[in-house]
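The next part holds the structures, each set out as structure tokens.
Both complexes below contain chain A, partnered by chain B and then by chain C.
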Partner chain A sequence: MNQLNEQKLPKAPSRIKHYLTFILILFLLWGSAYQTGSTFNELIEGFPNMFSVLDEMIPPNWAYFDNIIQAMLDTIRMAVLGTTIGAVIAIPFALFSASNMMKSTWIFYPVRFILNLVRTIPELLLAAIFVAIFGLGPLPGIFALGIFSTGIIAKLTYEAIEGIDKGPLESMTAVGANKIQWITFSVVPQVAAYYVSYVLYSFEINIRAAAILGLVGAGGIGEYYDRTLGFLEYDKVSTIIIFTLVVVLIIDYISTKLRENLL
Partner chain B sequence: MIEFKNVSKVYPNGTQGLKDINVTIEKGEFVVIVGLSGAGKSTFLRSINRLHEITSGEIIIDGSSITEAKGRDLRIARRDIGMIFQSFNLVKRSTVLRNVLSGRVGYHSTLRTVLGLFPKEDVNLAFNALERVNIVEKAYTRSDQLSGGQQQRVSIARALAQEAKIILADEPVASLDPLTTKQVMDNLQKINQELGITTVVNLHFIDIARQYATRIIGLQAGEVVFDGPVEEATDERFSEIYGRPLETREDEEVGASANESAE
Partner chain C sequence: MSSATRPIKPKKKIYKRWVIYIVLALIYVWALSGVPVEGFKETAGQISKAILSGIFSPDWDYVYLPEGEDLLRGLLDTLAIAILGTFISAFLCIPFAFWAANNMSRIKANAGIGKFFLSFVRTFPELVMALLFIKVVGPGSFAGVLALGLHSIGMLGKLFSEEVENIDLGPSEALKATGARPLQILWFAVFPQVLPGFISYTLYRFEINLRSASVLGIIGAGGIGTPLIFAMQSRDWSRVGIILLGIIVMVTIVDIISGYLRKKIV
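For the complex of A and B:
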């Protein structure tokens, strides 16, 4: 390469930004570890305990299965009810959040804000609050799941609504439909499949969430985790874990298959 | 009868869409609006059923002002005006019959239409409309399984089921091939002649306009630059007005499809 050519070549952009980013991340990692007091020493020291717990877990106590089947069914029922409540409440929220349904920013921004707020609250915290209000049992769990899934379903659905073909909206306006007719004939057919898919997706999440809600006394299989862990009955714990795993896998599989066929 | 009285439209960005238009369209006329892209054809047509709002002047349909109408009055006025779009604007996931029936929503209560309880007469009306455009055998087919020409005929059937007194067609054949163009235009002409429905069509091609229209209105930069019977709409006359002859269907090159949306 001769002198002249070299002068014409553009200068490579400075890499200093990348190095600074790397240093910043390292600093954050070190800071987090330091502030929480976690060290590699502790990890190494605790490591053998992992095997002793695993050792106690095997073989699982299969006889315990009979005791927890009712609680597992309760967990599934909680998820079913919670998802249904969420699915129903999500419909108006989704419609009021979509900018192509509500022309005024004064409507859809506040509604979206409420949705965002709801989604920031972990379902375990919601359940704990509802336990304080309604007492122990599956009912607070169901409410917690209902609110939690409202957030998910409404958010996904309103995004689907905003993505629909606006041609049918225009033609329904042109035939003189009122707002409700307009929604029924041009929006619903376009988003129904997505909505059902999101409800199923939320059901999958709720099954997993319902399995731990018992930790705060909100019913379901989680209560048995709490109980058996408390008594250090690891063979029973492993039975619950395996059972939960199987149920979640089966429901995920069915739900995924259904959703594939929907869209 | 459609009367434009000093109608002007200025877009928020300052573009003059329509400029002091005074036009009267008599009952039963087959009017074709021609002009170059961006001449205001679409704005003209869409201001008749107020899919676009005008900024000044008044549009009067059969003696009552649509530009003054609000709420229910506007919906009833729109119910009497069928509209056909370039992109058909059918709900693709719904059946042909449901799309045609959606033209009837303005005649019934919200509850009845939301539940899909259309009376027997309406269903008959829908079937008759489909028969008229020769597509009745597709009544229970999902709309997205039809070809473009078939979808456009369904949208004509929707306007018929609406029992519209006026049919507006915004570039109805711009996305169709010559053969289906002929079918769709023949359908519109037959309906105009047999049922006496006032028909206003936007067309990009002057040769098709001459073939079907009883009267041609030429627009340029939002102004009426030609208004007269087909015999007067000669090539020489249009060359004079536009400085070049208007496009004919034969001139159209592959991929250069007319699109008014940039207006």
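For the complex of A and C:
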């Protein structure tokens, strides 16, 4: 009986895999620290600087608020228009990359590939390219945000389209609807709420992005970081940061509430 | 007969819908009124053509230069910034995650403060953080590492705290019954449950940080962004093309590996 128990006792799983993973992670970290020149010494040496910067940031220069309010409104405008452009362009992309809309893999795989490509390019890079094309101002920022949000909205929406109920699709086909009727009466009612929710979500992302696009000259409040940091006016910088935070938090709150109501 | 069984459309909803339409219209009127439409620069078409031709004929020589400052080293730098930044934040955010989890503190307000703190960190743009760190440790990759490390605490802390909130309290209670100390409870009952989620979210954040790291260089915080912005300023579009290509390839490969690992873990 005792022997039987011993035989049935399972062996503890080998831990070699864990050790190897641990060593690999350590190696990655060491290599990264070496490559970036990160050392604790540098951090400790920089610490006093950090406190002096923080010290200068407090108290914020509230009078500067009047100078940046127009730029902040511009930032919100950029986000609104960029999101709208993205939302409109995303519709055909979402329809073409959903496998239950387009039966042929020759259509939806290439479209998805394009969407993946678009999403790998950070919006700041897009903005820098558009600044080179259109010159300084909010216009390149709007286009950059538009393209960037196309990638997000189209991806989330096509996943929503693929998850819809097949029944209405089949019944529309059965009554002989053409392609456009088929989409408006069986697809749109099922995904509209999701789509609006994703548009709002990408608006939240775009507000944050729009606030920094000015660093490459694409308009909005970001331009003021350059101006104030260049002159080491940290009290003004903290005014900009606090203002941006407040606006972003308010918009996030509204958008989250709206999305909760939708879904 | 048929008209009697037909459901009547709810009136309130129509009214509500019109309010939404009007508000939307007002927002758009306001948004469009502020955009200066001075038209495109006349050189826009020319430059776009130059950019497109540059992007489609990348400067392959730039991939590897023996004397340094080439694409591969820039990408390696970017990767290193993202790895180190993600790792720092994954460690730093653990205490914040427990602070912000509802089931870990007896007073509900305590967790609320933690959540608010994390959302505050989340809204603080990483580029602004990088700008400040450049003033602290000087321009270079290290400023980028610190900026990513601090900024990611916001999102990782939130995701981690949700993971902590979802744990099964049974094992913790069982350990408490055997007289385990709080640290032992944490180590043997809580950590084994949350670890897969933590690792998966860390990998996810790593994917995001890699994208951020590739633009940090634009403001001088190291990585591939610095040569990219230099190439853009000198209108060397074939170099811009190869750098963009490099970023796209690197991000795609890392996404595939990280996605595979995440699927395996969860």
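Here, the second predicted complex is superposed on the first by the 262 of 263 C-alpha atoms of A that agree within 3 Å, B and C clash if a C-alpha of one lies under 4 Å from a C-alpha of the other, contacts with A are read in each partner's own complex, and residues count from 1 in each chain.
One rule holds for everything that comes next: a residue touches a chain if its C-beta (ideal position, glycine included) is under 8 Å from a C-beta of that chain, and two chains touch if they have at least 3 such contacts.
Nothing here was measured: the structure is a model prediction, and the numbers come from that model.
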Report task. Based on the superposed arrangement, let me know which partner A:Ile85 touches: chain B (first), chain C (second), both, or neither? Result -> neither
Requested in this report: Quick one: classify A:Gly31 as touching chain B (first), chain C (second), both or neither.
Outcome: second
Query raised in the report: Taking the superposition as given, does A:Gln190 touch the first partner, chain B, the second, chain C, both, or neither?
Result: first
Query - Which superposed partner A:Asn178 touches (first chain B, second chain C, both, neither) - result: first
Query raised in the report: Which holds for A:Pro168: it touches chain B only (first), chain C only (second), both, or neither?
Result: first
**Report entry** Residue contacts with chain A in the superposition, chain B compared against chain C
**Finding:** C
Query raised in the report: Just chain B (first), just chain C (second), both, or neither: which does A:Leu117 touch?
Result: second
Report task. Considering only the touch criterion stated at the top, classify A:Ile133 as touching first (chain B), second (chain C), both, or neither. Result -> second
Requested in this report: Show which residues of chain C lie in contact with chain A when the two form their complex.
Outcome: 27-28, 30-32, 34-36, 40-41, 44, 47-48, 51, 76-77, 79-81, 83-84, 87, 119-120, 123-125, 127-128, 131-132, 135-138, 140-142, 144-146, 211-212, 214-215, 218-219, 222, 225, 228-229, 232, 235, 240, 244, 247-248, 251-252, 255
**Report entry** Of chain B, residues touching chain A in the complex
**Finding:** 49, 51, 74-83, 85, 87-94, 98, 102-103, 105-106, 110, 113-114, 155, 158, 162
Report task. Within their complex, state which residues of chain A touch chain B. Result -> 165, 167-168, 170-178, 180-181, 184-186, 189-190, 192-193
Query raised in the report: Which bits of chain A are touching chain C when the two form their complex?
Result: 28-29, 31-33, 35-38, 42-43, 45-46, 49-50, 53, 73-74, 76-77, 80-81, 84, 116-117, 120-122, 124-125, 128-129, 132-135, 137-139, 142, 208, 211-212, 215-216, 225, 229, 232, 237, 241, 244-245, 248-249, 252
